[in-house]
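Below is one structure, written out as C-alpha cells; comments come after it.
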Amino acid sequence: MGRIVTFGEIMMRLNPEGYRRFSQAGRFEASYAGGEANVAVSLANYGHSAAFCTKVPAHDIGQNAVNALRLFGVDTQPMIRGGERLGIYFVEKGASQRGSKVIYDRANSAIALAKREEFDWAGILEGADWFHWTGITPALGGFLPDITLDALRACKQKGITVSCDLNYRGKLWSREKAGEVMKTLVPYVDVLIANEEDAKDVFGIEPDGNDVMAGKLNHDGYISVARQLQENFGCRAVAVTLRGSISASENDWAGMLYTEGQAHFSKQYRIQIVDRVGGGDSFGGALIHAMLKGMGAQDGIEFAVAASCLKQTIEFDFNLVTEAEVLALTGGNASGRVQR
Amino acid sequence: MGRIVTFGEIMMRLNPEGYRRFSQAGRFEASYAGGEANVAVSLANYGHSAAFCTKVPAHDIGQNAVNALRLFGVDTQPMIRGGERLGIYFVEKGASQRGSKVIYDRANSAIALAKREEFDWAGILEGADWFHWTGITPALGGFLPDITLDALRACKQKGITVSCDLNYRGKLWSREKAGEVMKTLVPYVDVLIANEEDAKDVFGIEPDGNDVMAGKLNHDGYISVARQLQENFGCRAVAVTLRGSISASENDWAGMLYTEGQAHFSKQYRIQIVDRVGGGDSFGGALIHAMLKGMGAQDGIEFAVAASCLKQTIEFDFNLVTEAEVLALTGGNASGRVQR
Amino acid sequence: MGRIVTFGEIMMRLNPEGYRRFSQAGRFEASYAGGEANVAVSLANYGHSAAFCTKVPAHDIGQNAVNALRLFGVDTQPMIRGGERLGIYFVEKGASQRGSKVIYDRANSAIALAKREEFDWAGILEGADWFHWTGITPALGGFLPDITLDALRACKQKGITVSCDLNYRGKLWSREKAGEVMKTLVPYVDVLIANEEDAKDVFGIEPDGNDVMAGKLNHDGYISVARQLQENFGCRAVAVTLRGSISASENDWAGMLYTEGQAHFSKQYRIQIVDRVGGGDSFGGALIHAMLKGMGAQDGIEFAVAASCLKQTIEFDFNLVTEAEVLALTGGNASGRVQR
Amino acid sequence: MGRIVTFGEIMMRLNPEGYRRFSQAGRFEASYAGGEANVAVSLANYGHSAAFCTKVPAHDIGQNAVNALRLFGVDTQPMIRGGERLGIYFVEKGASQRGSKVIYDRANSAIALAKREEFDWAGILEGADWFHWTGITPALGGFLPDITLDALRACKQKGITVSCDLNYRGKLWSREKAGEVMKTLVPYVDVLIANEEDAKDVFGIEPDGNDVMAGKLNHDGYISVARQLQENFGCRAVAVTLRGSISASENDWAGMLYTEGQAHFSKQYRIQIVDRVGGGDSFGGALIHAMLKGMGAQDGIEFAVAASCLKQTIEFDFNLVTEAEVLALTGGNASGRVQR
Amino acid sequence: MGRIVTFGEIMMRLNPEGYRRFSQAGRFEASYAGGEANVAVSLANYGHSAAFCTKVPAHDIGQNAVNALRLFGVDTQPMIRGGERLGIYFVEKGASQRGSKVIYDRANSAIALAKREEFDWAGILEGADWFHWTGITPALGGFLPDITLDALRACKQKGITVSCDLNYRGKLWSREKAGEVMKTLVPYVDVLIANEEDAKDVFGIEPDGNDVMAGKLNHDGYISVARQLQENFGCRAVAVTLRGSISASENDWAGMLYTEGQAHFSKQYRIQIVDRVGGGDSFGGALIHAMLKGMGAQDGIEFAVAASCLKQTIEFDFNLVTEAEVLALTGGNASGRVQR
Amino acid sequence: MGRIVTFGEIMMRLNPEGYRRFSQAGRFEASYAGGEANVAVSLANYGHSAAFCTKVPAHDIGQNAVNALRLFGVDTQPMIRGGERLGIYFVEKGASQRGSKVIYDRANSAIALAKREEFDWAGILEGADWFHWTGITPALGGFLPDITLDALRACKQKGITVSCDLNYRGKLWSREKAGEVMKTLVPYVDVLIANEEDAKDVFGIEPDGNDVMAGKLNHDGYISVARQLQENFGCRAVAVTLRGSISASENDWAGMLYTEGQAHFSKQYRIQIVDRVGGGDSFGGALIHAMLKGMGAQDGIEFAVAASCLKQTIEFDFNLVTEAEVLALTGGNASGRVQR
C-alpha cells in the first residue's frame, strides 16, 4: 500500500435533517469534508497511508475537522493550526424535481489566508508516492495558486505521481481566472479527473453533442475531450465521470478512463440517491487506489465507478466503503441483498 | 403584488418521524397547517401581502399556530383569539403500497364554534384584492356556512376576486349537506379549484371514464366536468388537479385550467413523494399568484402544477418555494441537479 | 380466532438511524425481534391469542423484550426468566446498490443455553391450536434441537397444527448440521415455509433454473421444490416466498402456496423498501392467519404476500398491519392513496 | 398479590423535548397517562394484576393508549372502544423559578361522553380486591358521576376495598360542584388520598397554618385535616402528600398516613426534579401496594413516599420502579450510587 | 404600547445538544440571536411594536434570521438584504465547574461590512419612541461606529429615547479602542446598562471592592460606578446587572437601577441555569418595557431582574416570557409550581 | 511528553437518552469506552503519545471501537483484530435519589478470550515510558491474568513505570479470586490507584471509620489504607479518590496522594453530575500526566482531582479536557463563567 498526500480545504458541512429545507432547519447535522479530504478518507479506507494537508484554526471547531479525519485513520500530521475560521458550507438535500442546494460560507478561512512559508513541502511529502489536489485549492485565492505550485514542483523533484480533479467552482473564481491559473498547474498532473462540465468551464474544451440536462451520454464527445486534455497537458491518464440526472432522487452514473490512446467505459449504474455530495471525490479516491494497486484500465474505471456509485448511497461526503465492498459490486452483486 | 385574505381553519399537525406508523410513534413532529393557511403561506413566499383569518384559542398552543404563519411572513392580524381548542390532525406517512393515513381531531375547535359577529369582514377585507376559501370552511359546521356567506357578500360589494377549492371532506359532512351549502356559496366564486373527486362528491358531476385508482387520466372527462362547473356557477375559470397514484411513494401529477371555453393542460410530472399533504393547496396558491401576476392560462397552469409538484418534495403542508424555483422547473430544469 | 404459540429467540435489534452506516452511528434505534416473535406479533395484530415462548434474562434488557411483545398484545406468559444475556443483532439499512448488513451477537444468549427441563410443554401448549417455529431455533445449538423436538412431540399428542419456516442461517450452523437436525424435526410440520434459498441450503433441494441474483422468477422450479419438500416430509402445504432484488431500495415480491398437488401463485408487487427485515416472518404470520380463518389456498397466498409486502414498507421487524389493511391491498388498492 | 381495577381517563400527553417552552417545540414527546392509569402501572410494576377501565376511540391513537398500558403489563380488557377522541394534555417542563405548565384539551373525549350502560361493573370488577378512582373521574362531567357511583355500589356489594385520590381540578369543575358530587361518592371510600390543597378545594377543610408557597410543613394542620376527612366520610385511612416547592427544580417531599386515630409522618426527601407530573399518583399506587402487602402504617407511608420520590426522578407520568428499588430507598440508600 | 427600534447584528447560533462538548457534537441546534435582536424579541413578547435593523445576506441562511424574528412578531422591515455571510457563534453549555464556551465566527458578516448610505435612519426611525443599541454594534468595526452615530443623531433630532448596553467584547476590539469610540456615542444615551465588568473595560470605571469570582456583591461599589457613568455621560438612568457565579449550573442574579440620585436594588434570585446566554439582553428588554409602561424605579428594576432570571431558565438567547409571567415572579411566586 | 501504553477491554456503551430509564429507551446513544481506554484518551488529550492495547472483532462494530479512539488521537496500532464480539454495557443515568444503573454484557468478548501468544509485548511496549492497567483486566478471566503478568514482566525488563487502578468488579470475580490474582500482579505496580472500596474488596484493607453511604470522609482512615497498600506491595505512590454521594445528581469529590510517607489531600469539589461514569479513570489519566510532567505531589493530586471533577460534567466516559482547562480549575476558577 502506498502513501498518499492530499492538499486542500476541509470545511464544516451543515445540513438539515432528512429532506428538510433550510427554512425548516432547527438542527443541522455537522460533518467535516472537502474534495481532497474526502479522497484521503477513501484511500485510508482502502488501507493506504493517507495524509491530508491544510490549515485549520487552533480552536475546538478546527480540532473537530482534525478529529473527523483521524476517526477514519487519515494522518493529520500535515494539518497546520492557525488562522481565524474554518470554512462552512450548508447543504440542503433535494428530492425528485427539487435539486439539492449548497450555500458556501468559506471566504477568509484559515487555509484561504495561509502563507507560502507555512508549508514545508519537503517534509510534508516525505515518503509519499502520490499527491492529490483539486481545482478548488487554487481557486481559494490568496497564495493558494503559488502554494499549490510549490507542492507540485516538490512532487516533480521527488518523482511523486500527481492527480488532480479539475472541479471548477464558479462561486470561487471566473472561468478566465481558472483557465489562466490551471494552465500553469495542470502540466504537473499525471492523472486528470473531470466531471462533465469542468473541462469546458476551465479550458473551454467541450464534450461535443452531450446534453447533460437530458441525461444522455455521448461516448464520442467524452473521448474527444479526454484526448484534448491529454494532448494539451501531457497527462498519462484522463478520467471522466458521466452523470445522468433523472431527478434529484435518481441518477445514472458511469465513467470513462482514457489512457494510452484508449477509452475505457465502465458499466452504468442507476442510483437511488442517498447523498450525492462527494460522489466525484470518491471516484478520484477509488481511481488512485486502482492505479496504486496496478489494476488494469478497464478494471480501474469499473472500480472507480462502482466505488462512487456506492458513495451516493451513503450519507455525508465521505465514502465509507471497503475495497471488498466495491469489488462485490464490480463483481456483479448489485441487487442490494442483505449481508448476514 | 396584491393583498390576499384567506379564511379557514388552522390545525396542529402531528406526524411520527419518518415512515413510522402511529403505533411506533414515541415522538410527533408538530407543525401547523390548514388548506387556506397553506395558500396564504404560498402567496407570502411569492411576495404578496397575504393575510389569514381564523379563530384560535388564547393559549400557547393557539399562539404557536399564529407564530407558524408569522414565521413565513403571513399577516396574522385577522386571527381572532378565543375558544377552547385548536383542531389537531395526525398524519402517518405511507410508502409504496401502504397509503398515508390521516386522523382528524378537529371537532369543537375555536373556529368551528365561532360566531358571526366576531368577524368584521369590512375591516378584514380592507385593501384586499383576492379572497380565498375552501369547501372545508363551511363543512366545519356551526355558523361557518353563514360566516363564509358574510365574507363572500362583502367581497362582492368590494369587487374582490374570490377563489375556492371544493375540497370535499366526507368526515365533516355528507355529500347531500355539502351540495346544499356549497350551492349557495360557489356562485360567488370566480376561480374554482377541484381535485379529481370533489366535483362528484359535492355536486354529483363526474369526470367521465376516469379510473382514478388505475392512475390513468382522461382529458375529455376533465374538460366536461370543468365546463359543467363553469356553466352551473358562472366561474371565470375552473382548475383541476390530476393525480395518478402509482404508489404512496410515486405519483404522476398534472393539472388543467379551463377558462374562456378553452382547456389548458399542463406538463405531467412523475414525483418521488416526500410529503403529499398540502399538494392541492400549493396548487391553489400558485394559481392565484399566476393570475395576480397576469400570466396567461397555459403559463398559469404550468406554474401551478410545477409549484405543487415541488411541494410534494417538501416535508409538512407548507409549500416553501420561491417564484424563481418554480420558474426554473417550468423552464425545463427538472433533473434535480445541485445548485451551488 | 385461535390460540397460537410460537417458540424461538427474541433479540435486541440495534440499527443506526436512517441510512447511516455502522461507522456513522452515534445512536442506535432499539427494537426487539426474532423470527418467531415477529410471527406472534402478526397474529396478535390479526386478533388471535398469540403467545411467545423463549427464555430471557431477568434484568431490565430482558424485560424490555417482554415489554416489546406485551405492547402489541402478545401473551408473554411462556417467557422464562433467567440466563445472562439477550442476543443482539445490528442492522445497517442498505440503499440502491448497497445491500443491508446484519451483524449478529447472539451466542450464549439465555435461550441458546436453556435446558430441556425448563420447558413445560404440556402447560405452554395448553389450549393451543397452532405451534410455529423456524429453523433458527434448533440452529441456536445447545439443547435447542432436543427442546424443539419435545415441543413437536407434545404438539403431535395434542393434535396441534405445526408450521415451520426453514430459515437457514449459515452463521449458526453448517448446511450438513442443518440438514441432519431438520430431517428429524420437519416430519412433524404441517405447513412448511421457505424462502428462495433455504430448501437448497438445508435439504439440497433446488428451484431449477432460478437465477436469484438477476431477480427472475421461475415458476416451474418453485413447484418442483415444493413438491419435493411435501413428498419428503409429508407436509400438508408448502409455501414459498419469491423475492426479486432489483436493488436494496426496490424489490419484487410474490409467493406460492403448494397444497393438494396444486400450486397457487400470488400477484407480484414491486416494493419501495422501507425495511425488509422481517418480511419472511410476516408472510408466515399472515399465512397462518389465512389458514386459521379458513381462506382458500389462492386467497391465503394473496393474503400472505400482501401482508408481507406491507411489512416491507414498515420500519423494524414487526408487521404492524391489521387484517383490514391487508385485505384492502389484496382487494386491489395498491396505489397508496391517503386514508382520511 | 391482589387484583386491582382502576377507573378514569387516559390521555395523550405531549411535551416539548427537555426544557423547551411550548413556543419552541418543533417536536413533542408522546406518552399516555392519567391519574388512575398511572396507579395501575405502579401496581403492575409491583407485581399485581392491575386492570384499567376507561373508554378510548377505536382508532390508532386510541389504540396507542391501550398499548402504552399493555407495555407495562396492565390488563386492558376493561377498556371500552368507541367515541371520537382521546383527551390530550400538553406539558411544558419548568426549571428553577419558571414553573411547569399544563394545557388540557380533554373535553368531549370518549370517556367524558361515555354512557352508563356501557359499563358492566359486575364483569369489570370480577375477582377484584381493590378499586381505585380519583376526583378527576366524576369531574369529567356527563354521566361520569353516575357511572362512578355505579362502580362504587358494585364494590360495596362485592366487598371490594375502595381508594380515592381527591385530586381537585379547577379547570374541570367548580369547588361547589366538586363538593356536591364528591360528598355522594367519598362515603364509599376506604382509603382517601389528598394533596395539600384538595381537601380545602373540595370540602372546604383546611390544613391550618400551612403556608404552601413557602414550602413549610405544618404537622398539626395536616393531622387536623385528616381527622376531619375521616370523621366526615368514615374512611379507614387518610393519606396526605406534603410537597414543599423550593423551585421548579427542587422540591421537598413527604407524606402522612392517618389511621386508627394515629398520624404517621414519613421521612422527608429533597428531590432534584426530573418530572414531577404523576408524583401524587405514584404515591397512591405505592400506598395501595403497601396496604395489600400488609405493611404497617409507618412502613406503608415510608414506602409510598419513597416510591413517589423516585417517580419524580423519572420522565413522564408512569412510576417505573420495582418494589426492590423503593425498599432500597426506604432502607436508607438515598445517595444515588451506581448499581453495577 | 410604544414602538422600539433596535440596531445591531443577528447571528446564527449553533450549539451541541444538551451538555455535549464541541468535540462530541454530531448535530448542532440552530437558532438566531444577537444582543439587540434579543431585546426586540423581549419587547415584542411584552406587546410592543418592536423592529430590528441590521443587514443580512439575501440567501436562505440570511432569510432564516429574518424568519426567526418574524416568528415572535418582530417587525423585520428595517432588515437590509445583501452582503455575503451571516455571522455565526458556537455555544457549548457548561455545567458545574465547567464553564460555558463561546466561539465567534462573525468577521466579515453582512452587517460588519455595511455602508453608511444603506441606512435611511429617518425612515427606519419613523414613529419610534425608543432606540436601543449595544456596545457590540460599533465594536463590529468598519463603518459601524459612524452608522451608529448617524442613528443616534437622528434619534436626538426626533426626540427618541436611547438605551445602550455597554457589553464590552474583548474579541472585537481593545479596551482603548472601545473607550475612544464609546465616548463619542454614549453621550446620546438616556438609559445605560452595564454588567459587572463593562464599565471597567470600556471606561476604566470600577465597582470598588467587588470580587466577581467569589460571587460576592458589593452594593456601594455598584452605586459608585453608576454615579460615575451618569455624571460622565449625562444618562438619565444607569442599570447594572449583578451576577454571582456559584458554578456554571447555579448563579445568583440581581440588579440595580440608579436614577435621580437614588439606587434601587432588586431582590436576588438563585437560578438553576438552563441557558444563561441572553440574560443581560433580557434584562435590557424588560427594563425598557418597565420604563415605557411607567413603572417606578423599584418596580422597574424588580421587573427587569425577574424577567432576566426567567430567561436563564429558557433555552437559547430569546426571553420567551410574557409580562404576566414576569409579574407572577415579582409578585412572589418563585416556587415553580405547576400551572394547570 | 511521554509514550504511554494502556491495556484492557474496550466496550460499546449504550445508554438511553437523557434521564430515561432502560424501560423507556427506544434509542441508545452509542459510545465506546473502558477503564484503560479512557485513561489513554485522557493522556492523548494532554498531548502525550498514548496507545491502547486490546483485542476487538474484525467487524464493523469492532472497528467502531478503534475509530472512537482514533478520533481523539489514541494510537490504535496495538489493537489486535479477531474474536467474535465486542463487550457491551448498558448505562441508565440516575438522578436525585435514583442511582445510576449499569448492566454488563461483556462475557466472551474478543479480549476476554484472547490468547497469550497474540500479544507481542516487546513490540507493543517499544518506546513506552509508562504502562497502565486496571484490576478489571485480569478479572476478565481466561488467560488475562497471565497476559497481564507477561506485560508487567516486560515492563520491568524495560524499566517502564507501571500504574494500576484496583477497580474491583464483583460481577467479574469474587473477592477471594481477585485478592489471589492481584497479589501476584500488584507487586509490579509503581503507582496504585483505588477508590473508596477497592482496597477492602480486593485486599481486605479498610479505611477505618469511613461511612461511605453518608458521604463523610475520614482522612486518617485513607492514610492508613494507603500506607498499608504501599507497605504490602512496595508501590512508590498510592492515590485514593474520595467520593461523597449526596445524591445521584450531586457528589463531593476529592483525592489523596500518599507518597514518600506523606499524604497530600486535594481541595474538595461539589459536583452537579452530568455523567459520573469514567470519573475514576480520568483521575488516573490526569495523575499519570501530572507525574510525567514532574508536578509535585500536591500539585499532582490537585490536577488529578480537578480533571476528574471536570470529567463528571461531561457526557460519556471519556474526559475531553485539555491541560489548560484543568489548570484553570486548579488555579481557582471554579465558578463556571462563560469563556468567550
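Going by the order they are written in, the chains are A, B, C, D, E and F; count residues from 1 in each one.
Here is the rule we go by: a residue touches a chain if its C-beta (ideal position, glycine included) is under 8 Å from a C-beta of that chain, and two chains touch if they have at least 3 such contacts.
The structure displayed is predicted, hence computed values, not measured ones.
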* Structure fact -> In contact with chain D as well as chain E, sorted by label, we have B, F
* To do: Considering only mean CA positions as chain centres, point out the chain farthest from chain B.
  => F
* Of all other chains, the one whose Cα centre sits farthest from chain D -> A
* How many angstrom between the C-alpha centroids of chain B and chain A? -> 44
* In whole angstrom, how far does the Cα centroid of chain C sit from the Cα centroid of chain D? -> 42
* To do: Send over the residues of chain B in touch with two or more other chains.
  => 18, 21, 23, 26, 67, 72, 101
* Asked: Pairs of chains that touch, anyone?
  -> A-B, A-C, A-E, A-F, B-C, B-D, B-E, C-D, C-F, D-E, D-F, E-F
* To do: Report the residues of chain F in contact with chain A in the complex, numbered from low to high.
  => 67, 70-73
* Asked: For the complex, which residues does chain B have touching chain D?
  -> 14, 21-23, 25-31, 59-61, 63-64, 67, 84-86, 88, 90, 92, 101, 103, 105, 107-108
* chain A residues touching chain B - in the complex, by the definition given at the top -> 18-21, 23-24, 94-102, 104, 169-171, 213, 215, 245-250, 276-277
* Asked: Residues of chain D touching chain F in their complex?
  -> 18, 72, 269, 271-274, 306, 309-310, 312-316, 320-321, 325, 329, 332-340
